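Down below are the structures I want you to see.
Two complexes come next, and they have one chain in common, chain A, joined by chain B in the first and chain C in the second.
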Partner chain A sequence: MRAYAAIASRQFQSALQYRGNYALGMLSSLALVLAMFFFWHAGFDGRSAIAGYSWAQTKTYLLIGYLSANLVATSSEARMSESIRTGNVLCDLLLPVDFQGARLSEALGSVAAQGVPALLVTLAVAVAVAFSGVLPPSGIGAALGAAVALGLGVVLKSAIVYASALVCFWTTNYVGIAWSRAALTNLLCGALVPLAFFPAGVAAVLRWLPFAGITDTPARIYLGQLVGVHAFLAVCLEAAWTVAVLFGGRVLWRAASAQVTIHGG
Partner chain B sequence: MAAIEARALCKAYRRPLRAPGLSGSVRHLLRPRHQDIVAVDHLDLSIEAGEAVCYVGPNGAGKSTTIKLLTGILRPTAGTVRVLGRDPHRQRVANARDIAATFGNRSQLNWDLPLGESLALLRDIYAVPQGRYRQHLRTCADILGIDAFLSAPVRQLSLGQRVRADLAAALVHDPKILYLDEPTVGLDIAVKERLRAFLRQLHRERGLTIPLTTHDLADIEDVCDRLVIIDQARLLYDGTLRQVRDRFARERVLRFVVRQPDRADPAGILAGCGPVRAAWEGDTLVVAFDRLAVESPAVTARVLRAMDVVDFHLADAGIADVVRRVYERRLDLAEEGGQP
Partner chain C sequence: MGVDADRRIHGPRPYALRVLWLYGRMLGQHALARLSYETDFLLTIGASALTQVLGLIFLGVVFSRIPSVRGWTFWQAALLYGLLLEVRGLAAAFGEGAWSIGGAVARGELDRLLLRPLPVLVQLYGGGLGWSAIADLGLGAAILAVAGPHVAIVWSFGTVAALCVALPSGAMVYWSAMLAANSIAFWTVGARGTVAFLLHGVSELAKFPLPVYPRLLAGVLTWCLPFAFLSFYPARALVAGPDLAVWLSPLAGLGSLLCAWLVWRAGLARYEGTGS
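This part shows the complex of A and B:
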């Protein structure tokens, strides 16, 4: 465990090395959250509700979606794919640590360094400027439940990112994979469009998929749309998916590590 | 049991076969074709604990691939590897605690952090006690001089500093086996010397097992006691340096610079020394012979007696000559009874 804690904390430190990058990251997340706000604001023009969501509920849902999308710094994906592409992954393989465990530790180190502070600042500004009228959690239970679901979502998303980055062992090109992965995850988890806005049948299916745990589950628990047993079962489903994706990542890794070829010295 | 044992080790990989130009690329996209490339072909290799083995071969011969198979990074296509009794690929994490490796053109140090932080991360990963870690830093400061750039970010180090830093990093956990893939590539003479001195010390004093690949033949003579030559994925030769020298590097050349040479046929003066070849090059008499069949003092004494010699020079064929002849396919070590 000490080894993994050390890896996470060094990743945290190395993310702090780049001040410019840091500031730029905050600026771009701010731009994104504002863009999303204005987009949906236009959608609500002249209507009081879409698919049963008021403007205030939608704003709150989207803000939670934004939070969940930015907590997992996808730089860990770029770093991992890059090291697979260049062959530097061989240095990771020389260390006596589990490959998946080490990469997840790095991802969590990045969350601490980039995700959290950038989000706090951005959220403060965004709430003040555009998101006034965001709803408070529907109760203490809802707040706690949403926090648990959101935290679990960070692990779930990191596990998804890890598995998709492993595909580089076969394709040696990561940009396409990363983009498809990001587009798919953000669309299917509700970070761009609340899942309730999809046709009812589609929304029902999407809520059974692993992605819903990242945004839809915490957001609906927060809003008081998922309560009691339903909320509990939704978090159980999310936990089950987290375990399944982590395990899938291990299976994929076993196949990938047989596939490793590192040329040129 | 040997520390490292490879049996019929093979590694093949696929290379895309693409016709040249745009049409070739499009056709490859629609119907990809691949060719199997064999990087290591039925290699048998056994290295005892405490041996320093040099692994040479032309570029692309399969040296690095072999090292990566032995370290457990790559999985063999066929054959087996045992390192300290383990399968290094299946038991990669356990194996990683006992071995270390450096790759001349890569670094395992964190690019963004100061070197000291990078080393401390390795200390934490391997759970090295603080006292031992400090001792290691002192040794590396004394011999490799890393204390001068311990606080610099790794991305700012020069190549020579980075290679030394990587070696210091590899040894943090006191490994039993140290694999070195081209440890001196791109380094200046002073750094090379320093590195070799350190490796010699590790090998002789700490009994570290060192398999190393190189193109710099001075690495071999300075550090290793055994030579393995491979080419085109196959083992060509495996034996001690002494054996190689005595079998294939026996030619000795003596050059005598003579004042007012008469350039007469030297065969007369050298009669009785044994089989020698002698010829004039300007005012220099060049005598070449097998150093095990002919005694150098006998040759020297006869020449000194007969001529007014102002200077002389002796050169032995070295490992470098042998390796060059093997690369150029002018010498088949196996055919000449090189396979022990």
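This part shows the complex of A and C:
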């Protein structure tokens, strides 16, 4: 356990060292959220509700989506791809620590460094637009439940990012992998469009998929749309998916690490 | 012997032609190398196709709830999206080299390139093609083919001419933005590619019609970071007929190119190698 804590703290320090990068990364996802914000703002022109969501609810949902997207360090694809390409992955393989555990510790270390500013920015944005009506949590229980779901979502998304980063064992094009993974998770978790806006049948299916836990579940608990037993069950589903994706990552890793060929020299 | 052998080894005589010839040879070599890694190649194209299909699904979901946004219908927005894929794909296909600037600076590899009798940019851009563009260009064409009949396009000589002018100009804007953004690596070695990712993120704003944005942002996207020329102005020319903006797009393209060139030159002048 101490080894993993050390890895996390090392990544924390590294993230602080390159804080400029992280700030820019956050800005670039802010661009997309801004696009969505203005798009929906235009869409709500002359409408009071879309798919049962008011403009205030949509705004709040998107803000939570932005927060959940930025709580997770997505640079692990870049790091893994680089170390696989250069053969440095060998050093990781030789360490007497679990590969997945080490990568997840790195991810959580980055969350600590990157997530805190993201939280502050989100709060600042929330305060700034508060007068134009971002909603407060629907109650204390909702606030706590949303925080739990969001925290679990961080682990879940880190596990998803890890699994997709393993594809780097087969390709050098990590940018393409990272972008399509981001496109997939962002669309299916609700970070771009509330899941409720999908056709009803599709939305129901999406809520059973692992991605919903990242944004949709915390956002709906926050807004008071998921309460009591339903909220509890949604968080349980999220937890189950987290375990499943973590396990899937291990299986995939076994196949991936067989790909490694290190050229001597 | 003599002139013939000389041509075969060194390429054609006039310098500009020789540079082009060498550029072609480098790309050819790169293609051979790249195509020998089949899985990598297919994954690259597949990943890009998936990204764009998801973008289209997103548009579909959005417009299933709202029939039109600021006067733009789903099919018109799809047309805009298709144009964006074509323009960005064109720029990305021949713009892959920009992404290697950061690494070349950080590792001091530019030393080697600077010693060769060929412009450094030609060497950088000759080092790679953006293969993922195949997916973008193909998918973009498919979207245009499907969306086209649903949109009352004003076909005329003017429209065709406007497209011929606007699409290469838009590609120039994106290509230049990536060159300029990646050249930032000369100043901040640590922030490799981050600014370029940021600018790419901003270019995502071009997925929606410009009137969606507040006037200030629309102004920025026209005058400062002219990404509106990637998709919006060409799309509006198709939907509503060519207007002044689309005829002015070469200015945006050439202006961006000039700015990028200046940033690149200023960066290169600062380059000191990595020592030792």
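As a convention for this text, the second predicted complex is superposed on the first by the 238 of 265 C-alpha atoms of A that agree within 3 Å, B and C clash if a C-alpha of one lies under 4 Å from a C-alpha of the other, contacts with A are read in each partner's own complex, and residues count from 1 in each chain.
What we mean here is this: contacts are C-beta pairs under 8 Å (C-beta built on N, C-alpha and C of every residue); 3 or more make two chains touch, one makes a residue touch a chain.
Since the structure is predicted, the reported quantities are computational estimates derived from the model, not experimental observations.
Visitor: Give the label of whichever partner, chain B or chain C, reaches more residues of chain A.
Guide: The partner that reaches more residues of chain A in the superposed model: C.
Visitor: Once chain A of both complexes is superposed, is A:Val251 in touch with chain B (first), chain C (second), both, or neither?
Guide: neither
Visitor: Could you tell me if A:Ala3 is touching chain B, chain C, both of them or neither one (first, second, both, neither)?
Guide: first
Visitor: After lining up the shared chain so the two structures overlap, which partner does A:Gln13 touch, if you call chain B first and chain C second: first, second, both or neither?
Guide: After superposing on A, A:Gln13 lies in contact with chain B but is clear of chain C.
Visitor: A:Leu233 in the overlay: touching chain B, chain C, both, or neither? Say first, second, both or neither.
Guide: After superposition on chain A, A:Leu233 lies in contact with neither partner.
Visitor: In the superposed arrangement, does A:Ala56 touch chain B (first), chain C (second), both or neither?
Guide: Neither partner.
Visitor: A:Phe198 in the overlay: touching chain B, chain C, both, or neither? Say first, second, both or neither.
Guide: A:Phe198 sits against chain C, while chain B stays out of touch.
Visitor: Please report the chain A residues shared by its interface with chain B and its interface with chain C.
Guide: After superposing on chain A, chain A residues 18 contact both chain B and chain C.
Visitor: Where on chain A is chain B touching in the complex?
Guide: 2-3, 5-7, 10, 13-14, 17-18, 87-88, 90-91, 93-98, 257-258, 260-262, 264-265
Visitor: Which residues, counting only chain C, touch chain A once they are in their complex?
Guide: It comes out as residues 39-40, 43-44, 47-48, 50-51, 54-55, 57-58, 61-62, 64-66, 69-70, 99, 132, 188, 190-191, 194-195, 197-198, 200-202, 204-205, 207-208, 211-214, 217.
Visitor: Would you tell me which residues of chain A are touching chain C in their complex?
Guide: Residues of chain A touching chain C: 18, 20-21, 24-25, 27-29, 31-32, 34-35, 38-39, 42-43, 45, 47, 50-51, 167, 170-173, 175-177, 179-180, 183-184, 187, 192-193, 197-199.
Visitor: Going by the contact rule at the top, pick out the chain B residues touching chain A in the complex.
Guide: Residues 13, 64, 68, 71-75, 89, 92-94, 96-97, 99-101, 103-108, 110-113, 117-118, 121, 124-127, 153, 181-182 of chain B touch chain A in their complex.
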